[in-house]
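For reference, the structure discussed in these notes is given below.
Order of writing sets the labels: A, B, C, D, E, F and G. Residues in every chain begin at 1.
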Amino acid sequence: MSLTNEMVQEKLIAKFSDQVLQFATSYGMLSFESPKEINLKVLQFLYDEPSLAFTFLTDICAVNYPNQKGAELVVVYHLHNLKENIRLRYSVSTSLENTDVYTATKLFESANWMERETYDFFGINFVGHPNLKRILNVDEMDYFPLRKEFPLEDQTRIDKDDEMFGRG
Amino acid sequence: MEHNHITLPEGSIEKTTTTLNIGPTHPATHGVFQNIMEVDGERVVSSDQTVGYIHRAFEKLAERRPLYQITTITDRLNYCSSPINNMGWHITCEKFLQIETPKRVDYLRVIIMELARISDHLICNSIVGVDTGAYTGFLYVMQYRELIYEIYEEICGSRLTTNMGRIGGFERNFTNTAFTKLEKFLNEYPKVLKEFESLFTRNRIFMERTQGTGGISAERAMNYGFTGPNLRAAGVDYDVRVHQPYSSYQDFNFTVPVGTTGDNYDRFLVRNAEMWESISIIRQAYEKVQAFKGAEAEVYHADVPEYYLPKKEDVYTKMEALIWHFKIIMGEIDLPKGQIYCPVEGGNGELGFYLISDGGRTPFRLHFRRPCFIYYQAYPELIKGGMLSDAVVTMSSLNLIAGELDA
Amino acid sequence: MTILAFDWGLVIEKLILIAVVVFGSLGIALYTTFGERKVAAILQDRPGPNRAGPFGLLQPLADGIKLIMKEEIIPTAANKWLFILGPALAMTASLMTCAVIPWGSDIELFGRKIALQIADINIGILYVFAVVSMGVYGIMIGGWASNNKFSLMSSLRAASQAISYELAMGLALIALLMTTESLSLKTIVEQQIQGNWWNIVYQPLGFLLFFIAALAECNRTPFDLPEAENELNFGYHQEYSSMKLGFYLFAEYINMIMSSAIMASMYFGGYDLPFFDESTVAPNIAAMIGVGTLLIKIVLFVFLFMWIRWTIPRFRYDQLMNLGWKTMIPMALFNLLITGALILANL
Amino acid sequence: MRPVRFNIHPKEAEIADAIGMGKAPDGVPGDGFFATQLSSVVGLARKNSLWPLPFATSCCGIEFMATMASHYDLSRFGSERVGFSPRQCDLLMVMGTIAKKMAPVLRQVYIQMAEPRWVIAVGACASSGGIFDTYSVLQGIDQVIPVDVYVPGCPPRPEAIIDGFMKIQDLVGQESIRRRNSEQYKALLNSYGIQ
Amino acid sequence: MSTVDVLFYLLSAFAIVSATMVLISKNPIHSVLWLILVFFAISGHYILLNAQFLAIVNIIVYAGAIMVLFLFVIMLMNIKKDAEPQKQLLVKLTGVIAGGSLLTLLIAVVKQTAQIQDKQVLLKEGTIGLIHPLGKALFTDYVIPFEISSILFLSAMVGAVIIGKK
Amino acid sequence: MQPLTNKAQAVSRDPMTFWERLYLINIIKGMLITFSHMFKKQPTTRYPEEKRAFSPVFRGLHVLNRDEEGRERCTACGLCAVACPAEAITMEAAEREVGEEHLYREEKYAAKYEINMLRCIFCGLCEEACPKDAIYLSETFAPANYTRKGFIYGKPDLLIPNPMTEASDLALARGVEA
Amino acid sequence: MSIQYYIILCLTLFSIGVVGVLTRRNAIIVFMCIELMLNAVNLLLVAFSKMYHGAALQSAANTTAGIDAQIFVFFIMVVAAAEVSVGLAIIVMMYRNTHSVDINFLNRLKN
């Protein structure tokens, strides 16, 4: 019996009814969203349910959509069932004002640093994280650099003529 | 009666352990990590890592670059095996843009990727040797990495950060010199790998240094998000090349070496065994490439004028080609909307590219799943209770590549 | 006044000998550093230093001048006097060993019979042990005075390693001394020249143990834990710059040369050139040949040291201790028993 | 096909441009004969015994391994004693990206080195930031420590690293033994805030 | 005054100064180093007395092993200078006075003991300090104490290991 | 952990045999291997004296091309600068004046063309991007220098020798002698 | 050399040891002072041995009289070595438990 995207979707809907939404399959990977309050429940269900067994957390990252008012930040989880070899993308969104999202560190040890990185880049506050502080950037940094409103370039560079190609 | 007794250095009353700061310029960290270890004598009680010393904001940088320029960024992820990153990125783009690549391109890519895997494992294993105190084996195998670099140089003109390949194929066909050099490598490398193995694998000093140190169970390893050789050493035969074949890996016959205990010795053996597998894959791929005849033998890219640059002669003479050329270089081709996650088996494990496009000309967001970054957090657990020397060997046998780790 | 009632000829002779031996050892040590680099290079398929002077022969001089001209740094947190004392002690201790090594048979100059040995103490071997046990202070003090945790750790490693392996070394040697019945190096060498065989034939296991212990006492791979650069970043001498560093590096090489000389004298006939009758040539020439033979033996041993260093990995601290206490000492005792039994049986 | 194989006029390095190597200001007496001789002997010794401290952070470090290894063998120049202890080394080879998080560490290592010390910035990242014109990368290590030689390339070939190394050798060979005590040099260090 | 006399006085002065320095050094490491010098001075005396074996054994055992252990322990505990609060001056003074009185008393006794007036110590000569006679005596007349001492050693080793393991 | 695929193959991890426990056998084996390397041919390139041939596609210093009549090919379209991931290329375009036809091939030309070699990562994208056959990479690696200003390569440093006036230099650059 | 010089020298060294034991508080230093006292005794024993031997030589040429004292010294060294190994182990233990090597601190054992 091999697991398919449809079966996963059915099971999720059976469990969470209308709280899981936006099911879509792109490039063979199922993706869905849920309100951020139940993210842990969903992850736990995916982990514990023997027929799903998404026990491998491939990745956590975040995306900043400045134009989606009230849901500017989206946390994306990629999960993997190694036995059935099926992947899943799950995302929750949060606003810039209240960036609290429950942490997945209790479930996956690997979530620890990935959440720290996400916090470092986007300022998402993972509630319950054991050690939520900056990981890649210097501790003194006072902004979240991967949000779209912040510039990429180092402001001190002097040997470039930015004016030339409108990159200034 | 006076009650003040001999005062001891600050902090030593409360604890019997010493704090040892290893890194970021300590030789064991190979540059760029910091480990603050609590040691009781020579035994590691706990440790805390700091990373990010070469954080370069790849993900932000990628948001400002058209797809073809991102190749140069991926070069610098895992610089020991940059072609895998290049190809992985191109495979991601091709999947995203739904480009079919010809078989010959796939096979050539397999050759290059396996060469890169060899050079990656080779550095890791020889550095394990160096960290146990034997420097010479390192220099023996490094000579053969040089041969791999010569092959790269013949194909793309550069040794380390190759910027090799384009979306849809390669920038030029492989020359005969490249194939000759490949043959030379295939002939000579097995001998030296055997020599390297006989220097280490059954040497009791080396076995004692590596066996039972830095071990991890399969369950913990998976929970920590290990992938690649490190996960396989713990006994899980997860390999993206088998699970989700890309670049026609399903056409090849190879095994996935797995260990049992996930300790340093297993990691060393698994990497060595993978090098042997890689050699066999390269041999198969080379045979398959040689089997192409006639016009097929000249194919080195997919026929996609939207993404693959037209021939130079056409650019100089034909208007249509010139227009495509301008459009591609200026990055004026809008991408389709969508999201894709595409993994490849990098030198260290599952190297994933998560690409989000909002229909613009550059990625809206590009996230790299860097295997090093994820499994390095298990380091304190791996070294806990071991000796300081074990911690050093464990660090090198994890094959931490700072460029990939810090992105 | 009897203070000045010396045999002044003897004093001058000894002073000259001391000067020759000390400066000779320094010169050899200088070129041993070069040799180490060349040997490493050749074993590793590369040419090694070859651009300073012809064939790179001036390389050690360049290193020396550079080290002398380098800025002296004494870390502010370090203990100044001990920081200076460390390398000085290491250097002195390693040089003092050369006093009892017989460099050759006697020569005759200006009508005097001159022994090519600074002092023929009848407890020569014990003297060597005493000096060797002093050598570890250089490392310990230097490492402690640097006020650096890695250095301190390295000193502790060095101390425990030195004490542990001294035991095995001594036990291995006692078996030999039971057969020679003398503690004087000169006598031991003479016995080997008179007798048919070198001592290695009688004491192969003893030699092996002694050799391994000598590796450990010189802090050479696979026992180079005190300066394991991958863990401790050069260990005890990592805070040293300039010539103080040079002293430490030198001391290591002099130790190597001296232990080679002792091994050659104890087990390999010292200045005895086999299958060669010294009485066929003039005594002075015979002595010179003897000196040459000893030097060749030393060079071979030093090469062996280097060859081992550039081949095998190093031990871990606990494995080192296990090897010393649980393997080497029982084996040395076993060797002692066997030797004793054989001697009794012969009686 | 390329029109030519070589660029036959790559820029020549002018040793007079090297930091602090310019002409002495007027009024400073030159060294006497003996001092000059001594200087040249010491320079010769120093240039053949440059012990590198590889501050290798990324790609260039891998290429430095190739430089050290049998195919190129940096030890021919008398510098295979690679040390990680700043006290013992003469040449700080900065290879790879220096992020802003790393910059203080680099500076600390430089301060800990014993005089005379030289710095070589290997590769685009260390010299200028290279492609990483980003918020987290130092745009060239010369913002925190003085650099004697820059080696371009990303990463530079071993030949290029050796070329840079030989430039340093030229510089070392010509340096007066009194330079490190000169006002000029102190001013240079002061401009970086290093005492 | 002969050479031997000069050497005797030099070594004695050296020993006493070093011993005093052991006492007054604040830094325990310095104390250890001064004590090593005392042992060297005493070994020098042994050589003067032609007790070669004891001289060398004194260096090997005391300076080479015991003091290394002391140094090791001090380094292990990382005891620094000024870590030791001083005893009250009164206690110190009392100690010094007590020691001084003891010295005076004993010297006075020695001065008055008739049996050792004009007794001479044989310097440089005499073979009993050499290794042969010592060995012979040790393994014939004193073989049982020798074996007992080895048992003592063994038990001390076991004891040290057990205490250390706790 | 049951296998996930049918391709798993465990690595051999035999316990040590008696001879291996003795240390010596394998140490001597290793020493023989290193000893045999003493007689191996050294692969070393003694760099300043010996030079290793680079591949014909090696990505080194840039050159700016001229056509057969010695006219500069660059038309200052800026594609190379756009394609440069390191943003190392700076140029200023100018209109060709009457009487300069023998200097510039097209109506526009680069009045200033500078590459910052310290920024450049030698990825070769500029070569690919050029639609006018004007910029190429060469087999010369970029030399080191003492100052930053030594790395700004202007047009005089980049242009290949003029085939009309500097034929011998051109031959040199083509590698006839080298 | 008169024996009295040796006796005085040894008494001085011994008394210095006594003063050290009385005035210092660091257990390791106290221990070292005890070693110093033992060494003073050793030296005295050897001196007496040579005094006795010298006297005996007058009557018999081949005598080994006085050798007992040197054997005693040898045994004292053995005992000292054993004592140091155990003593230092105890000090290390004490340090581990109390984080102090202060002998006054041991008063707490009373309670």
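Operating definition for what follows: a residue touches a chain if its C-beta (ideal position, glycine included) is under 8 Å from a C-beta of that chain, and two chains touch if they have at least 3 such contacts.
This structure is a prediction, so every number in the text was calculated from the model and none was measured.
Number of steps on the shortest path from subunit B to subunit F, with steps defined by chain touch: 1.
With contact taken as defined at the outset, subunit C and subunit D are each touched by B, F. With C-E and A-D as the two chain pairs, more C-beta contacts join C-E.
Per-chain CA centroids place subunit E at a distance of 5 Å from subunit G.
Averaging C-alpha coordinates per chain places the centre of subunit A 73 Å away from that of subunit G.
Remark: subunit B and subunit C have CA centroids separated by 46 Å (rounded to whole angstrom).
For the pair subunit C and subunit F, the distance between mean C-alpha positions equals 51 Å.
Of all residues in subunit D, those that touch two or more other chains are 69-71, 73, 76, 84, 101, 128-129, 131, 133-137, 154, 157. Residues of subunit C found to touch two or more other chains are 40, 43-47, 229, 233, 310-312.
Within subunit A, residues 82, 85, 136-138, 145, 152, 159-160 each touch two or more of the remaining chains. Within the complex, the subunit C residues that touch subunit E are 1-3, 5, 79, 82, 85, 121-123, 126-127, 129-130, 132-134, 136-137, 140-141, 144, 152, 155-156, 159-160, 162-163, 166, 183.
Considering their complex, residues 136-138, 145, 150-160 of subunit A touch subunit D.
Across the interface of their complex, subunit C is touched by residues 1-3, 6, 27, 29-30, 33, 36, 52-53, 56-57, 59-60, 63-65, 68-69, 71-72, 75-76, 78, 130-131 of subunit E.
Looking at the complex, you find that subunit F touches subunit B at residues 1, 3-5, 7-13, 16, 20-23, 26-27, 29-30, 33-34, 37, 43, 54-55, 57-59, 79, 82-83, 85, 121-125, 128-129, 131-133, 137.
By the touch criterion stated above, subunit F contacts subunit C in their complex at residues 27, 30-31, 33-35, 37-38, 40, 42-44, 46.
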